[in-house]
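Order of writing sets the chain letters: A, B, C and D. Residues in each chain are counted from 1.
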Amino acid sequence: MTIIATLLQVIPYYFDIQVLKDMAGTATNAVLLIVACATFVGVISVLMVHAKRVQRRTEGWYFSGLIIVFVAIMVLTGLPFAEFGLGNKNSIFNWIFTNIQTPLGGTMYSILAFFITSAAVRAFKARNIEAAIVLVSGTLMVMGNAPIFTNTVPVLVDISLWIRNIPNMATMRGVMIGAALGAVALAVRTLMGIERGYLRGGEE
Amino acid sequence: MVDMIAAWTAVFFTLGIYSILYRENPWYRIAESVYLGVAVGYGVSVDLLYIRNQWSGQWSTSAGMILLFAIVMIVGLMWYGRFTKSTFYLYRWPLAIVVGTGIGLALRTVIDAQFLQQIVAQVKTPFFVAGNMGATINNILIQIMVPSVLLYFWFTGTIRESAPMKIVEKIARYTMMAGFGSAYGYTVLTRYSLFIGRSQFLLGIPPNEPSNQLAFIVIAFVMLASMIGWDFTHKKTPEA
Amino acid sequence: MAFLIQGRIFGLICLLFIMASVAYYIKRAQGGKVPKVRRIPGIDAIDESIGRAVEMGRPVFCSHGIATLRDSTAGPQTIAGLSVLNYVAKRCVAVGARIVVPVRQPEVWPIAADIVETEYKLAGKAEEYSSECVQFLSSDQFGFSSNYIGLMMREKPGANIMVGAYWAESLQLSETGSRIGAMQITGTAQTSQIPFFLVTSDYCLIGEEIFSAGAYLTNDAMLIASLAGQDVGRIFAVLLGLLGAIVFTMGNRLFLDLFAM
Amino acid sequence: MSIMDKINNLDRRIIYLLAWIFVLYPLIFPLGLPIPISSDARSWYSYVENNVNDGDTVIFSLMYGTSGMPELFPMSVATMKHILQKDVKFVVLGFWTEGPLVFNALLRQVNPADYGKVYGVDWINLGYIPGGETAMGALATSFQNSVAVDFVEGRPLSSFPIMDNIRTATDIDLIISFETGTPGAPEWLRQWNTAYGVNIIVGCIGVSVPGMIPYINSGQISALMPGLTVSAEYELLLQKPGLAVAGVDAVSTSHLLIVLLVVIGNVAFFMTKEEKK
């Protein structure tokens, strides 16, 4: 099954066969549907964990209760029945989305500013040559991005551009080519059925 | 009034997340739990809408497609076999299809974008650029660095341990440290841009809601006071 | 050439060549010829980190990234992460460490749960497996990471092993792990995230090392042999790039025409 | 414990507090630091100015959510203003769930009608298309099969005159993509550039920039707008200073903070090392 699905994607990419091309298109759409069907797997898993906590009144069970309540609200108001005023035009659904989910997402993302600072303070120390290289290139880059530095020392822009275009580009390209090789090898192993990680029978 | 509740709610959850910077605390746990609940529910609604839209799109156009749709749905339901002991292996069917498609997509695209295109770019980097010393040096550096990085990952055989490879390894490690260091430094900008965005939101700077500012001051005070007060009365320095 | 699509022929040749060399070495291994491999410190350290967690009486967190299985570049990384999970689960069950696997994708959850549960069953400890071992957190990227951070801050794992495709949450998770003093082994092929894993974790697998992690951990002859095939592809890539550039420097477009085939 | 030891083991929370101060202060009391203009901003400006011709059809794609807005929204607004000055048709679409939400926010900043553009004739909004890279590939083969109805009015695509001439990837001259992750430029390149040769320019967050450099060098991406600072420069080139210019002071101070902390950290590191000797 895995092999058929694989070939259906690969062959039409290299060979000009219209029938297969159409089949591949339909198959990809079908796969997206299959994946969408899995959506409740997550809900069930979350409920299994948190309903149990509420039931047993384990430490912090009221937080689990909070989770369940919000899952229920969002699932019910978000059902795709616009005819009954539900779905992405529902006012409760939208209110929660804009005033809770959006700020939470944005904040969570922005919290990285703090982490990147504290990690840099710890890691950017000239312990040895390699660490010193990280320190120098990292700090030059930080300076090259800030108008306060580039305005007084314009050459910083050229330096950081050079680092970006030469060592950084070389690193990314090397790692990328290597990762492509790794991915192909992994694909071969999976297709030959020897990489068991993802799909295991109960043998062993 | 309605706008105000909205502003205070948004500010509350924003600060709830930031409170983890001080330590793990109930404010964070509220924000975290609500986020989890909302996000799970939201994901479901997006997926269900997708299924419905697909059905009203191309899948309901002919009898053959409707039949296919039914088969796809049955396969989709097999995921749930996982939850009962007798049918748990059923989930492997949809999984096999999904994994196969993924590998197929990988095989057709990885080789092209991550392998060939990069080698083409390598080939287009000549060792000598007439009349441009700087570009010549840069190109030669690239021609040394990229193969070194690639060879660094060499897994098998004894060649990897040979003397010339030690030099390659050094070049590769230094290149990568410079490369990763610069990538790190560069990212600082993004992360701070995001935080600046959130700060503009908290301060109520347009296009954000001006009433955020008051909410920011009040809620930040309450959260900080409660956490620091608790630590103070319980005489324990919080763990970092 | 109407049958083969113009511009993709050379890509197909490369693909088939690499696949063939990988397959060749796998076949050769079946005949008993296994190449010697260099060690990767990060992979060797997994056992140490689990042992440390047990000593401290703390759980082990193991995550396989946040990607699906069907993304063309991130999907294989998820598979690689699951291979690592398989080994970590086996070790944890063997030494009695509590394992926690946070999952982001609904479609990946069943496999992750299956992998861990199977290891418990194989060791005859089926009753110790609970739904808390493999937790689905949220398909929202930061919903997932906020919950992961919360779990780490509360449970204070002794080891945090993350191998797979990560995006912005890489630093959120690994810096939190470092904050609570967990021993961290991380790895990803997402080039933009490697720097963060590199500076915050004890060991970091870079790029293709994650794909071979499964081979190293199982120590399966055939898996190891496939790495030799990968090395053939590596030499091929280096030669192609260098020769092509030399020819191009001399003003000949031979190689570029070849690529455009 | 000496002061230097303390600095070596600085409590993370002190760093966090400093970060708050260094960002909030310049936002409350703007410093008005000068902004030099880089080559990135110039090349983006000149690409849009010179390579987008009258009569072209452009895909305007917002591939980010509200979390990406601080960095990407200013450049999206500025580029939209730039595009609107030209006689081009544009299709708004995205493969990111929150894309339409962001676009609505963008409409509050720039209104195509002010530039004489008519919905359905000069531009159309197809909203969010789920399915990631797979859907991206499908869209390239047929707009009509991938998207049933438009996002604004919910009417079939055939009812809009603009869609008469837009059927497959070959009808598109340029993709402008603003993005925070996957799907993003690599997917666009694979499905649209490699496969159909459609040009693409990308606005991305700083973290994605190093990953984009190989594509820029190989010429697959025609222009790159990396992050907030360059957006501010672009706003100045366009002579429409906006959101990015306002935030750049805080960029300067926060970066200054990091450099200071790193320098102090290294001084402390070497001083304690000396002592131990």
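Everything below uses one rule, namely that a contact is a pair of C-beta atoms (placed from the backbone, for glycine too) under 8 Å apart; a residue touches a chain by one contact, two chains touch by 3 or more.
Treat the numbers as computed from the prediction; the structure is a model and nothing was measured.
The greatest centre-to-centre gap from subunit C, using C-alpha centroids, is found for D. Looking at which two chains touch through the most C-beta pairs, you get A-B. Put simply, the C-alpha centre of subunit B and that of subunit C have 16 angstrom between them. Averaged C-alpha coordinates put the centre of subunit C at 30 Å from the centre of subunit D. Separation between the centroids of subunit A and subunit B, computed from CA atoms only, is 4 Å. Counting only residues that touch two or more partner chains, subunit A has 13-14, 28-29, 31-32, 35, 38-42, 46, 98, 101-102, 104-106, 108-118, 120, 122, 134-135, 139, 142, 145, 164-165, 168-169, 171-173, 175-179, 181, 183-184, 187, 190, 198-199. Multi-chain contact residues of subunit B, defined as those touching 2 or more other chains: 17, 20-21, 29, 31-32, 35-36, 38-40, 42-43, 50, 53, 58, 79, 82, 94-95, 98-99, 101, 103, 105-112, 114-115, 118-122, 124, 146-147, 150, 153, 176, 179-184, 186-189, 191-192, 194-195, 197-198, 240.
In subunit C, the residues that reach two or more other chains under the touch definition are 8, 11, 15, 18, 68-73, 76, 79, 106-107, 110-111, 113-114, 137-140, 142-143, 146, 168, 179, 191-192, 194, 196, 199, 206-209, 212, 227, 230, 234, 237. Contact residues of subunit D toward subunit B in the complex are 11-13, 16, 19, 23-24, 27-28, 67-71, 97, 105, 108-109, 130-131, 133-134, 145, 148, 186, 189-190, 194, 205-207, 209-210, 214, 217-218, 220, 227-229, 243, 246-247, 250-251, 254-255, 258.
The touching residues of subunit B, counted against subunit A in their complex, run 6, 9-11, 13-14, 17-18, 20-21, 29-45, 47-54, 58, 68-69, 72-73, 75-77, 79-80, 82-83, 92-101, 103-108, 110-111, 114-115, 118-119, 121-122, 138, 141-142, 145-150, 152-153, 172-189, 191-192, 194-195, 197-198, 201.
Contact residues of subunit A toward subunit B in the complex are 1-10, 13-14, 26-44, 46, 60, 63-64, 66-75, 77-80, 87-88, 93, 95-104, 106-117, 120, 129-131, 133-142, 144-145, 160, 162-181, 183-184, 187, 190-191, 198-199. Residues of subunit C that touch subunit A in their complex: 2-5, 8-9, 11-12, 15, 18-19, 22-23, 26, 68-70, 73, 76-77, 79-80, 82-86, 103, 106-107, 109-111, 113-115, 118, 122, 131-132, 134-143, 145-146, 168, 171-172, 175-176, 178, 189, 191, 194, 196, 199-200, 206-212, 214-215, 218, 220, 222-223, 226-227, 229-230, 233-234, 237. Those residues of subunit C lying in contact with subunit B across their complex are 8, 10-11, 14-15, 18, 35-38, 68-73, 75-76, 79, 106-107, 110-111, 113-114, 137-140, 142-144, 146-147, 149-150, 153-154, 179-180, 191-192, 194-196, 198-199, 206-209, 212, 224, 227-228, 230-231, 234, 237-238, 240-242, 244-249, 255-256, 259.
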